Amino acid sequence: MKVLEPDQIIAKMLERDAFSQWLGVTVEDIKAGQCTLSMVIRDEMLNGFLIGHGGISFSFADCALAFASNSRGRHAVSVETSITHHKPLQKGDHIFAKTKEIHLSNKLGTYLVEVTKASHELVATFKGTVYRTSRVWETI
Amino acid sequence: MKVLEPDQIIAKMLERDAFSQWLGVTVEDIKAGQCTLSMVIRDEMLNGFLIGHGGISFSFADCALAFASNSRGRHAVSVETSITHHKPLQKGDHIFAKTKEIHLSNKLGTYLVEVTKASHELVATFKGTVYRTSRVWETI
Amino acid sequence: MKVLEPDQIIAKMLERDAFSQWLGVTVEDIKAGQCTLSMVIRDEMLNGFLIGHGGISFSFADCALAFASNSRGRHAVSVETSITHHKPLQKGDHIFAKTKEIHLSNKLGTYLVEVTKASHELVATFKGTVYRTSRVWETI
Amino acid sequence: MKVLEPDQIIAKMLERDAFSQWLGVTVEDIKAGQCTLSMVIRDEMLNGFLIGHGGISFSFADCALAFASNSRGRHAVSVETSITHHKPLQKGDHIFAKTKEIHLSNKLGTYLVEVTKASHELVATFKGTVYRTSRVWETI
């Protein structure tokens, strides 16, 4: 038994994560405690105002939180998360989620996630705290 | 020109809201400033732990926020929202989102949303604040 | 060694809690997992707009969170809290904080706190999650 | 009539802000849309665990939010704020609050505030959104 490396953990998570696959999440970069993801806004992600649904930006940032926190080697689950929306998203927008680990203790981790357009324009700011269980991401 | 009724506004929003349709959101009840929605957790809504993705519960609660706040007759957009997850969701779970309008002023509205299972078990608590634009939901 | 009762825990906490004493917090009611507190807004609690400082309403709600969560018998510490302000407070206002325990698990607890005036007008809504340590509130 | 400069606005706010004075807030730096504040943890700021009360860190960050957002020239009021606590504060700790304006529109502004010890250790992360009224900070 050995703890998996960050990229192995994320590959394992993503492989079974049907909703991240539906979103079309691509892992651009992954290191212990941080990641950058990308995706593209599609027709079926728009709301009644014909802009990206708030749930899409949130879900994308939440994926980044899950990958960044789990990459630390233990199963981590979201406790409390919040998002502030700054700019609307349009169909076809290529967006990025970049995490910053602002605190990590034995039981808790806190992360900021910035969601930006390819033009680097900030579209949303997300803050999330996870609970780190004792279960390790390990090889079988 | 006349301001639309709450149920007319929500029908108009939902009709064009591709993501809410993908989620399978059903409007159970709608009154000025409040609504109850339901949906069912499907395979493509699960995450890598094979439970409902946090983004799904959030998106569902966010729909309820949008419908409850817009039902007040003016276009309202989300400013800041947060969610606390209490229990995991499984494939097939029939879930409900029920809003409570905790404050409404000319420019801002604040809502709580409880997400529960059919068994009334609480799975998530959501708090959201919207900005109310001056644009009215009106008949053409 | 015996676990203290809710009212004994809160008496013990409050006795050593210099800031709650400065605020003038009075315990109106305490049961396992819930409490109601009261206090009065004084001159030195006003901000530059001559209304109650946002930090005062927050601190008051945070006291209620601490008392309600610790009354469950284990030392609990705040992880993440948020507050939405609805109405300004004036000097002399007699205010109340009433908690609702929305979820309690072995390691985490989530609470809503409503801050109201004596007239029952809602002035702020607070949501907070605590981490429950293994340390018990016990008799010596 | 002329709009006041950022340092004039903050001087005017602080002069009448009794609670910030009680906290002992010092303005280290102020520019349009940002500020750095400092203060020292005193006996009367401790809670029942004899560490800094969560309401103190929040109030300090909330002052920074108020100063940074009002320095933009219009009266701004807090809508929704949240704080994540990372480390306890001890009596005598000299702490700093540094703001980052993450978004500014006509009606809303969003800010992050980091609360650190003199050693640069991060003790809390705060996110806040303000509503910008039409009232200008002006010379009489």
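Every chain is named by a letter (A, B, C and D) in the order it is written, and numbering of its residues begins at 1.
In this text, a residue touches a chain if its C-beta (ideal position, glycine included) is under 8 Å from a C-beta of that chain, and two chains touch if they have at least 3 such contacts.
In this text the structure is predicted, and so the values were computed from the model without any measurement.
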(request) Specify the chain most distant from subunit B by Cα centroid. (result) D
(message) Tell me which has more C-beta contacts between its two chains, B-C or A-C.
(response) B-C
(message) Between subunit C and subunit D, what distance separates the C-alpha centroids? Give it in angstrom.
(response) 22
(request) Provide the C-alpha centroid distance between subunit B and subunit C, rounded to the nearest whole angstrom. (result) 29
(message) I'd like the Å distance between the centres of subunit A and subunit C, where a centre is the mean of that chain's Cα atoms.
(response) 33
(request) At least two other chains touched by the same residue of subunit A: list those residues. (result) 79-80, 82, 84, 110, 129
(request) Can you check the complex and tell me which residues of subunit D touch subunit A? (result) 82, 84, 86, 102-103, 105, 110, 112, 122, 125, 127, 129
(message) Touching residues of subunit C toward subunit A in the complex: what are they?
(response) 79-80, 82, 107-108, 110, 129, 131
(request) Could you pull out which subunit B residues touch subunit A in their complex? (result) 12-23, 43-50, 53-56, 58-60, 62-63, 66, 75, 77-85
